[in-house]
Amino acid sequence: QPTNGVPQDTFKIAVVVPFSGVYGIHGQSIRRGMEIAMEERGGKVLGKPLELTWNDDDSKPQVGVQKATQAIAGGAQVIFGSVSSPVSLALMSVAAQNKVPHIVTGSADDRITGSDRSRYTFRTANPYNMEMRMTMGYIEAAGFKTLYAIGPDVGAARDAWAGIQADLKRAGVTVAGESFLPLGTNDFSVAVDKIMKSAPDGVISFFTGGDSVTFTRQATAVGLRNKSKLFGPTAYDETTNAALGASAIGLQSGVRYSKEVDNASNRRFVAAYNRKFKEDPPVYAGIAYNGFAWLLDTIDATKSWDRERWIAAFETSKRPESVQGPEEMRACDHQAIHDGLWAEVVANPANPSNPLMKLAKTFPAARLYGPCGGVK
Amino acid sequence: MNTLEASATRAIDPGGTAAAAEGAEVLRIEGLRAGYGAGDIVQGASLALAAGGALAVVGRNGVGKTTLLRAIAGQLPMTAGRRLLGGQDATHAESFELSRRGLAYIPADRQVFKTLSVRENLLLGAYAHGRGEWTKEAVIDRLFPRLGERYGTLAGSLSGGEQQMLTIARGLLSNPKVLLLDEPTEGLAPVMVDVFVQAMQRIRDSGVAMMLVEQNLAVPRKVATRYLVMDAGEVVWSGDAADLAGDAALVEKYLLL
Amino acid sequence: MTAGALLDRAGRAGLLLVGLLVLSPFLLRHSGFTLFLTTVLIWAIFALAFDLCFGLAGMMSFGHAAFFGVGAYTVAIVGQLTGWPFALLLACAMAVGLVHGLLVGLIGMRSSGVYFGLFTLGMAELVYVLFSTRLRPVTGGADGLSGLKQPALAWTGLAPDLAYYAMTSVIFVAVLLAVAVFRRSAYGRVLNAARLNEVRAAQLGFHVRRMRVVAFALSASGSALAGALLGTKMFYASPQLLQWSLSGDILMVAVIGGSGTLLGPVAGALVVETLRHFLSDQTIHWNGLLGAVFIAVTLFMPKGVVGQIPAVAAWLARRRQPRAHGPLASPATGGNRP
Amino acid sequence: MATLLLGLSIGILLFLLAAGLTLIFGLLGIVNLAHGSLYMLGAYLGYQTVQATGSFFLALVVAPLAVAALGAAIEWAVFRRIYRQPHFLQFLLTVGVLLVIEEAVRFGWGLTYLKLDEPAVLGGVTDIAGVSFSNYRLFCTGAGVCAAAALFWALDRTAAGTILRAAQENDAMLASLGINVKRVRTAAVAVGAGVAAFAGVISAPLLPIEPSMGMRIILDCFVVVIIGGLGSIRGAIAASLLIGMTRAFGEQYFGDWVQVCIYGILVATLLVRPQGLFAHQARLS
Amino acid sequence: MTALACRHVGMRFGAFAALTDVSLRFERSRFYGLIGPNGAGKTTLINVLSGALQPTSGEVELDGRPMHRASRHAFARQGLARSFQTSSLFNELGVRESLVLALQAKSATQSAWRDPMADARLCAGADAMLGRLGMRHMADERVGALAHGWQRLLDLGIAFIGDAPIVLLDEPFAGIGHSAIGATEDAIRELARGRTVVMVEHNMSVLMRLAEDIVVLAGGQVLARGTAEEVRADAGVRRAYLGEHA
């Protein structure tokens, strides 16, 4: 393990993300996004070639910790990851123990920059509570009178839902019902039937990925969407659109990145991504690119191999023009602050069976983030 | 007659058997070797069976009688030697083919299908074979009425003797041309042994060839036409029943104390 | 030299290898390797404990993850609540595992064989479901509990990772010795015999069921110990530690190494962890390669890595002393009836 | 009434998913953990068939046949060497097969979600007793009932069930009765694999097609098979309906406890009847 | 003194009655023969008398103590040992190891944590039994690899090795080679001295030589009992069981 502050021949970074299993699909996008960021910088930071190790964490905290520790022993200067929140939370301990900076782009658990926050961990992507405020904004704007909540029976979803109850009451929205179903449910017919019978204006879905697709398909098949609008904080993205086809049109969802964010750096990124991978960058590619580019630029600017200086620099850095719009790092909790992006699924004239996420609304950052204490 | 000869005669009574006229050869084994992995147990056995003949295989415990029978029946691979069935080579035939070609094996440890009923066990015995003299009804009526009484019971809960009856009955249902029997009377009550012996005599006389391993020498005494004596995995003697009884030294060496 | 003597030598050589392996991190002082071996030893403890019930007592268990995971949760929860020293937390985990195992064993004793295995699976899933949903206030639900405290081992004068390893290896050696003694003890031999023929063992006067419950509880306790060690090492107690796939993993470790032997589970832990580690670094398609290895093991070494030793020893003996035995002298294993 | 109907349709779909597993267990005594991956492969091949021909109904025939052939090949290449081995080796082997198949799919089709739509003729919604069922859902229910009937017939009215149960106990003896055990077993694995693939194709329009879809159903399948009694079709039907009803009524009235309830039922069943509801009771002393 | 007794024992399997109202007393230090046609209920009776089956009615008394609902190991602890009609052995163990295990069940002094195979006294006991059975040269063989006849003998040895005062034998001569019958008979006679033995056997000549008292079961009921001569003379026994062997 290299001592802090000593220049190395290569700049090693440990990327710990899932490449197999349910989240494997995101690992691939993350890798692609990071590769673009790397190429833009000529594959170098502090004048030394970047050397990334791609570690498959299998979405298991134990595996993630093991891989990260191993990589640090091999000289990694930074940990990058992961997608599943438990893995990211576990990686935080590794980072703190080894005093190595840790960048989270894919996990939204509030604890990461909340109760469990750490001097060594930075999150450049959304926390849940911010996404819920944005969703609340959408609910008010849409003018729903009755709302039904559905999601997996996990703490994050239940907390998120509990967290907006007061806001709902204030906005005069009545709750028509809620169903939090065991993880791995494949058959949603009872829940769908309950929703049908309570006929709410909107259905907020806390599902993501495959579960989101399954629920939406089964809801659509019985005509639920004729009566109620389906939306969720992170319910839909490019991958779910591919699995839903034209029936996805009209769905609404918060997104963590959009290729439509209108600024030069995003246009550059989208073009590069299009060129290299012949497709539009999906969400996970965008946020990984963002976090990675931010990190590399910050380190480069310090012109130092002292990790404590990188942390000091990162804590106060600002990105007026990132691919997610204007951003700044909050020193108090290491949470990046940026606008909230909300999208609607619209038809894709070029390929009717693969509709598009269209940026529908941007929520200003000022109203989305709560206060924070200091770093523990 | 000295005492040794007397006991030899008691063991192998040449007079009891109505030696039937033997017909054409149906099974021939040449130089068979077989074992369980490390080294052969049976070392080069050769024998021939003719229709209507009954060959009794005798020898002490552990000399390889069961091993020989299992190898002939295809339950154990032969490591060397040849097997001819009805004059045609069947060395490499699998056990199910051997059965379809008329060879039935009745194992010593019964091997009934314990979780199946008596009825299902019998069904499986007849499944791959056309109808012949032995049908389920015939076996039950003429040989083992007891099986009829326990028809729906799981074979695993039958008594030892009943399982033995089932094994014999199941073997007969294929209406075999060659019958390999390994200690078929073990566990049978004395009356049942009589029934069995009479049945075997009739089956033999109807032109079936049989090979019989028995510890209860009273049975081959009444059924066997020829004897084969084994020791330490080898065939040490084979010939007519009368010759064996005459060779007191041989009987003493391999069969008595 | 006979095959038997060679076999004994193989056993001694195996122990020697294990000893060398355990000591190697102190010599190499490479923290990556140290961590790797820490996990190997923790898995080996788990596998040793598991095989006590599975390989020795012949009790199928598809639910050992529950004990493992509950061990991790115990140190997490009790540690948070009390701030007790680590040794006490480990003892706590073992006690909880013992009681948990006793409970499952006692309730499940009505069934046996694969049905007992399924029962343990059901019980473990019940624990999983409760921990990941209904007991969320205590267990952290599906997200688990993070930030387990590492024991204070600074007094050893070793680097933290090496100190943790040293502690793990001491525990491992203790468990290995305990299991070795247990397997050869009268108690262990009766359990083994009852695995082969329960009816006869009972007819000889052994209270087979009671003995099995005891073995099961001991096995659960050892598993909880391993879970506590892993959870602490990885700073995390997650419901994945309770999941059925982990029960499957430990079964595979035991089988691949050679279940029913002393060193088999250790060899299994080493082989499986190495494979996993090595393959997942090489390719993202490592799961498929692992599958191919599993298939190969079942087909070519059904008795596991350690099960290959008699064959190797016999082969060596034959090479050294051609035709020492008559072909009838020692028929080895085999026989193709079920 | 409405809840009853929902439970029924959930249960029958569940039976369809588990049927292949219970079949292979009942007939061969193999706990086939690769069941889920055969189901998944069925869905992928169904997708591919629809891509090529545009016909869902053709896919419903072609994909199961293809997977059945694969099943036969797997039986021939690996399964047949382990029937006499203890259960846990079969476990290891089928996990191996599972991993290899999943990896092959990941390799061949990538990680993205794929989509298979129900055929247009089965679009639309039918209201029964106040519940809206999609017509496709009703079709699935019908298919499940047919599958149950067919399997029932195959095992009860033919000797195949008897032969395979005997083979589990002692295949060497069975062969000595003149029965070609190997062939019967190959056929049985093929049928089991085909049934799994059939379930895969038929449930594809309800789900995203993805490599881990097999892993998602396997535990549900096991719950059904264990409660029903290993290898009993009758038991699997009863257990599927029981679970279906528990889900339906549970989500209606005590949503948070459904999963706890299901495993509670599982454990309780094993305690009262260790071999499941309908296992072949072996009365051996 | 009565060593073992059963009163009004009935055993039903579903609708089938394997034993009906069987009452028997077995006195100390006597050798009993138990015969009857196949399926008469002999093994079932042995099972009931050894705790392997709970009778559906009636009771069993061991050494004057009622054994209601007691299980196998309780019977064994009370001093009852038995053999099995189909050998019931530990196939993966060695021959000597099996006997040591059986011996160890009775020796209370043995610490649970010591290795019994390292105990010279136990091994010597096992070897003595092997010598008596003529199996000393097989001490290290794997039980599962023994020929049928040898397995039968080992089964017998395991039943006798613990010095249990009451021993139940189920067809010990089945499968024993013609040449070994005499030796086995002598061994059993020797081992049975001073114990209560109940032996099921279909080999009439051996049974008549060994047994002092004979009980005949048929159809789950006691058909006759008496000395060898009395039983042999019984017309019912001849018809149901002996046939021309009388």
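A, B, C, D and E are the chain letters, set down in written order, and residue numbers restart from 1 in every chain.
The rule is simple: a residue touches a chain if its C-beta (ideal position, glycine included) is under 8 Å from a C-beta of that chain, and two chains touch if they have at least 3 such contacts.
Because the structure is a prediction, the values reported are computed rather than measured.
Chain centre most remote from that of subunit D: E (centre = mean of CA atoms).
Of all chains, the one whose Cα centroid sits at the greatest distance from that of subunit B is A.
If you tally contacting C-beta pairs for each pair of chains, C-D comes out on top. Centre-to-centre, using mean CA coordinates, subunit C is 32 Å away from subunit D. Subunit B and subunit D, compared by their mean Cα positions, are separated by 45 Å.
Between the CA-based centres of subunit A and subunit C the separation comes to 38 Å, rounded to the whole angstrom.
Distance between chain centres (mean CA atoms), subunit C to subunit E: 41 Å.
Each of the following residues of subunit B touches two or more other chains: 36, 75, 111, 157. The set of subunit A residues touching two or more other chains comprises 20, 24, 153, 182. Across the assembly, subunit C contributes residues 129, 133, 287, 330-333, 335-337 that each touch 2 or more other chains. Residue ranges of subunit D in contact with subunit B, taken from their complex: 159, 162-163, 165-166, 169-170, 172-181, 280, 282-285.
Against subunit D, in their complex, subunit B makes its touches with residues 73-75, 94-96, 98-100, 104-105, 107, 111, 113-116, 120, 123-125, 127-129, 154, 156-157, 170, 174. On the subunit D side of its complex with subunit A, the touching residues are 2-3, 6, 9-10, 13-14, 106, 111-115, 117-118, 125, 131-134, 136-137, 203, 205-213, 216-217, 219-220, 247-248, 251-252, 255-256, 258-259. The touching residues of subunit E, counted against subunit B in their complex, run 13, 16, 35-40, 42-44, 85-86, 145-150, 170-171, 174-180, 182-183, 202-204, 240-245. Interface residues of subunit A facing subunit D in the complex, by the touch rule stated above, are 20-22, 24-25, 28, 153, 179-182, 184, 186-187, 189-191, 193-194, 196, 210, 213-214, 217-218, 221-223, 239-240, 242-245, 353.
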